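Residue numbering begins at 1 within each chain, and the chains themselves are lettered A, B, C and D in the order written.
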Amino acid sequence: MNKAILLIQCPDQKGIVAEVSKFLYSYNGNILEIDQHVDEELSLFFMRAAWELDSFSLKKEEISQRFELEVGAKFNMEFKLHFNFPKPRMAIFVSKLSHCLFDILGRHHAGQLEVDIPLVISNHQNLQSVVEAFGIPFYHIPVTAATKVEAETKQLELLRENEVDFVVLARYMQIISADFIKNYPNRIINIHHSFLPAFVGAKPYHAAYERGVKIIGATAHYVTEELDAGPIIEQEVARVRHHNTISDLVQIGQDVEKVTLSKAIKYHLDRKVLAFKNKTVIFY
Amino acid sequence: MNKAILLIQCPDQKGIVAEVSKFLYSYNGNILEIDQHVDEELSLFFMRAAWELDSFSLKKEEISQRFELEVGAKFNMEFKLHFNFPKPRMAIFVSKLSHCLFDILGRHHAGQLEVDIPLVISNHQNLQSVVEAFGIPFYHIPVTAATKVEAETKQLELLRENEVDFVVLARYMQIISADFIKNYPNRIINIHHSFLPAFVGAKPYHAAYERGVKIIGATAHYVTEELDAGPIIEQEVARVRHHNTISDLVQIGQDVEKVTLSKAIKYHLDRKVLAFKNKTVIFY
Amino acid sequence: MNKAILLIQCPDQKGIVAEVSKFLYSYNGNILEIDQHVDEELSLFFMRAAWELDSFSLKKEEISQRFELEVGAKFNMEFKLHFNFPKPRMAIFVSKLSHCLFDILGRHHAGQLEVDIPLVISNHQNLQSVVEAFGIPFYHIPVTAATKVEAETKQLELLRENEVDFVVLARYMQIISADFIKNYPNRIINIHHSFLPAFVGAKPYHAAYERGVKIIGATAHYVTEELDAGPIIEQEVARVRHHNTISDLVQIGQDVEKVTLSKAIKYHLDRKVLAFKNKTVIFY
Amino acid sequence: MNKAILLIQCPDQKGIVAEVSKFLYSYNGNILEIDQHVDEELSLFFMRAAWELDSFSLKKEEISQRFELEVGAKFNMEFKLHFNFPKPRMAIFVSKLSHCLFDILGRHHAGQLEVDIPLVISNHQNLQSVVEAFGIPFYHIPVTAATKVEAETKQLELLRENEVDFVVLARYMQIISADFIKNYPNRIINIHHSFLPAFVGAKPYHAAYERGVKIIGATAHYVTEELDAGPIIEQEVARVRHHNTISDLVQIGQDVEKVTLSKAIKYHLDRKVLAFKNKTVIFY
């Protein structure tokens, strides 16, 4: 089914739901899902509406302009219009660890992710053969302190050539520069291997072990300039015990990481995420 | 804040959200929450809308009739209008086990439950003193096979006298008759001490122990004529291990039961539950 | 590190732990892990002891006999002695669904599973190319009502030729015959896509949807003659909501299935599972 | 059943389990539970053994000395011997919030906690009547910056008079002085209303809301001089969503707090906790 999805943010006011739903109804739209949220503290209104496109009497190309004229301008809305076709294009960045990458490739192969994956980029070569077995081009771009700028330039070129919509860092162990991030605001998803804000930075499983926590976790978030501080999309946890070594924590944690990252990708693909400040509204 | 809450069920059609939100807007209603769900299989539409009453230009008494005229009739809606005042009145039925009862009384005492509790009815006497310490009248109505009809008659009288809106069975170990249930359709909440539909009937912890399950659970549901088969409102689980005895399962389970039941009461009080067939839509 | 692992079952008596630990100490064994459990109901004693083999003064081949003489006979023990080398050999049976298979192959590729996988057997061909990309032989053995006996004969031959120790049914959608099972008692691990004993048999997600449960689950168990009734090794659950379709339940459930199955395989490989009657003791 | 429980810490060496179990067996002890753990990093050995006292051929009073002579001295052990009688004596400190207090009193009333509660101490008066309805003496000791030393002196006097073994801070909103803590090392259990080490200090739910986390938690830990940094006994979490206000987080969190604290009390009472450095070994 062809769907349109509208994501809206604006100052909270009366009548927004009425006007948006009237707009959709007036052009014969069959609403599939409608969700709204008001952040009372900030007096901000958020909304997501999805409707069937086939019976809609506006052309795909006209919708944005008409909506701005008839509804958006009146409420001072920021809005984005998405369609569930063509499929979005996702690049995966990975280093040596395979668990998140394989989980994504497995889901994609099983037809669970409505996304095209035109390429995988890695600063190592060890995962090349499996990626290619899934029929996906693999680019090896080594990164050192000296070559970082150059490497990012190459990466950005590849993303542009491949018309990539968003990037997933599937345990990519390099810090992304502010310049790179600016190209994909709230469109780079990272998996951090701890329950943020506990244990920011490197080696969070070691830190968790030292602190003797009874639960570990993982956090999927949009990448922003401040390290590990971007809007959180999803978090999951798992129980650990005193007899678990650091190596156990790593393995238990990897299961949490891959499930958390895949959920975040799914929410992003379904256009269920609205980011503002360092938070997200997730209409699942 | 004074709120009105509308719960709607009807055949799925285009334009429902538009018409409902237009109605609210036209009388100056400030929508606080709006949720909708379509059961594709049954082509049924469900909706919940909550709005501020103080600025609304219809009187409390007029709303139902106007809504029926302007919206409900057009879409063949079944709807219920609720207000968050006066507080609903809840009766608690309990036998000998105290954990669910105390959990509810504790929350009520802490001001977490927007409900009045005019009475507790029990077929035993052991909990009388604590109930009364919380300032709530306690009625002891013993039940035997011989006196069951008479006991239920007394119970119903007490419920009517106390203008009770709904009943919570907080581990009340008696089967409620079909005649009694008819008086409170989808308004009797029971906690069953297993993860339904596993282990229906009596002694579910014994059955779970025998089967060697690794997870146990509890189920809060509306009571219907068929035992343990009513619409499920909430379920929770807890992990158990081989070294847990039946008595451990009972204790671990009681924590799950009390949290599950209290969540179900909260959803019911917040008018977030729509029951249909043997299922529920819960707009939390 | 080379390890020996002893799994013991016997009638409960005094002095068992003392005798077993004395035996290990007397031959200079460094105990790494020791766990015991008493089933009070059945007066059965269970124990698992793991120790370093390198400094142990008995030869690998002598241990069983000596233990029987010095300890086992005295307490009427059933015991099994395992070593963590050479690696056990595991066969995977799969049908069309890939999620459990890929999860296992991904872990194996990442070096997380101390096991050899000499072959994958399927009644379908769609997963052949990816299995082979992981360097593992793939055998296509179609099964129909008419060819079932013949197919199982072929399967058993392959298992014997490949010296397989145990079999994992990674969503293999065929019922295994009693004759087949007898060859691998408590050595065939199945993943059932529900929280057993709820929803035995086929189409459990459909049944869960119909019943309107709020939590779904998966169960890894040893296969016995009675369908879905074998000893449970591990169970996991996930929360679902009213808006989840059957297809959502399937996807959410698949994440639970793969994690549950992989945990069960890990427990089995680590020799942490003792099965008795239709239950398990898991020393994790 | 009368039980003895031995908790042991010592440098890791060969033969400890053998010697301890031989000791118990030589005096006709029936071992009920035995658990051991080796911290590889620190080369520390931890053990817990529980056995039936009635058939044991040493007198209760002799055990410690004999064990030191025959086993402890040889391995340089620190050990503690406990009995499950008479019941330990627990004091509860509370401020205004009732949820943890009621949860403990409810369990105690239901016979689930093998403990005597000789008194509740609070810096406020609002919970006096319910505490007294449970038949427990209530002491109101206000605390201000000026009276803090004096207040703690009074508290310590009451604890001594009542022969209190350990103290539970059931959301007691005052910082305990180092001098006070020295009287009850690893015998003061606090519930912190966040998933430590995230959100130390005051107002953790506000901080969690600001950060936009998707999961909140609670941490029960022994109190040490460094605030919120003592050995963690238990942690639990709950999922939250964007629509949850700070007040929702508080309510959802309170359920987590009370369950977490009660679990920690249970582990402590069952002598299942061994604390070392800022960590715990929990033999559950």
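Heads up, the rule we're going with is that a contact is a pair of C-beta atoms (placed from the backbone, for glycine too) under 8 Å apart; a residue touches a chain by one contact, two chains touch by 3 or more.
This is a predicted model, so every value here is computed, not measured.
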item	value
Chain pair showing more contacts of the two, A-D and A-B	A-D
Interface residue overlap between copies chain A and chain C, same or different (over half shared)	same
CA centroid of chain A to CA centroid of chain B, Å	37
Rounded Å distance, chain A centre to chain D centre (Cα mean)	41
For chain B, residues contacting two or more additional chains	none
Graph class of chain-chain contacts, one of line, ring, star, complete, other	complete
List of chain D residues in touch with chain A within their complex	37, 40, 195-199, 211-215, 217, 231-237, 241-243, 245, 278-282
Residues of chain B touching chain D in the complex	97-99, 102-103, 105-107, 109-110, 112, 129-130, 133-134, 251, 255, 259, 262
Complex interface listing, chain B residues touching chain A	14-15, 17-19, 21-22, 24-25, 28-36, 38
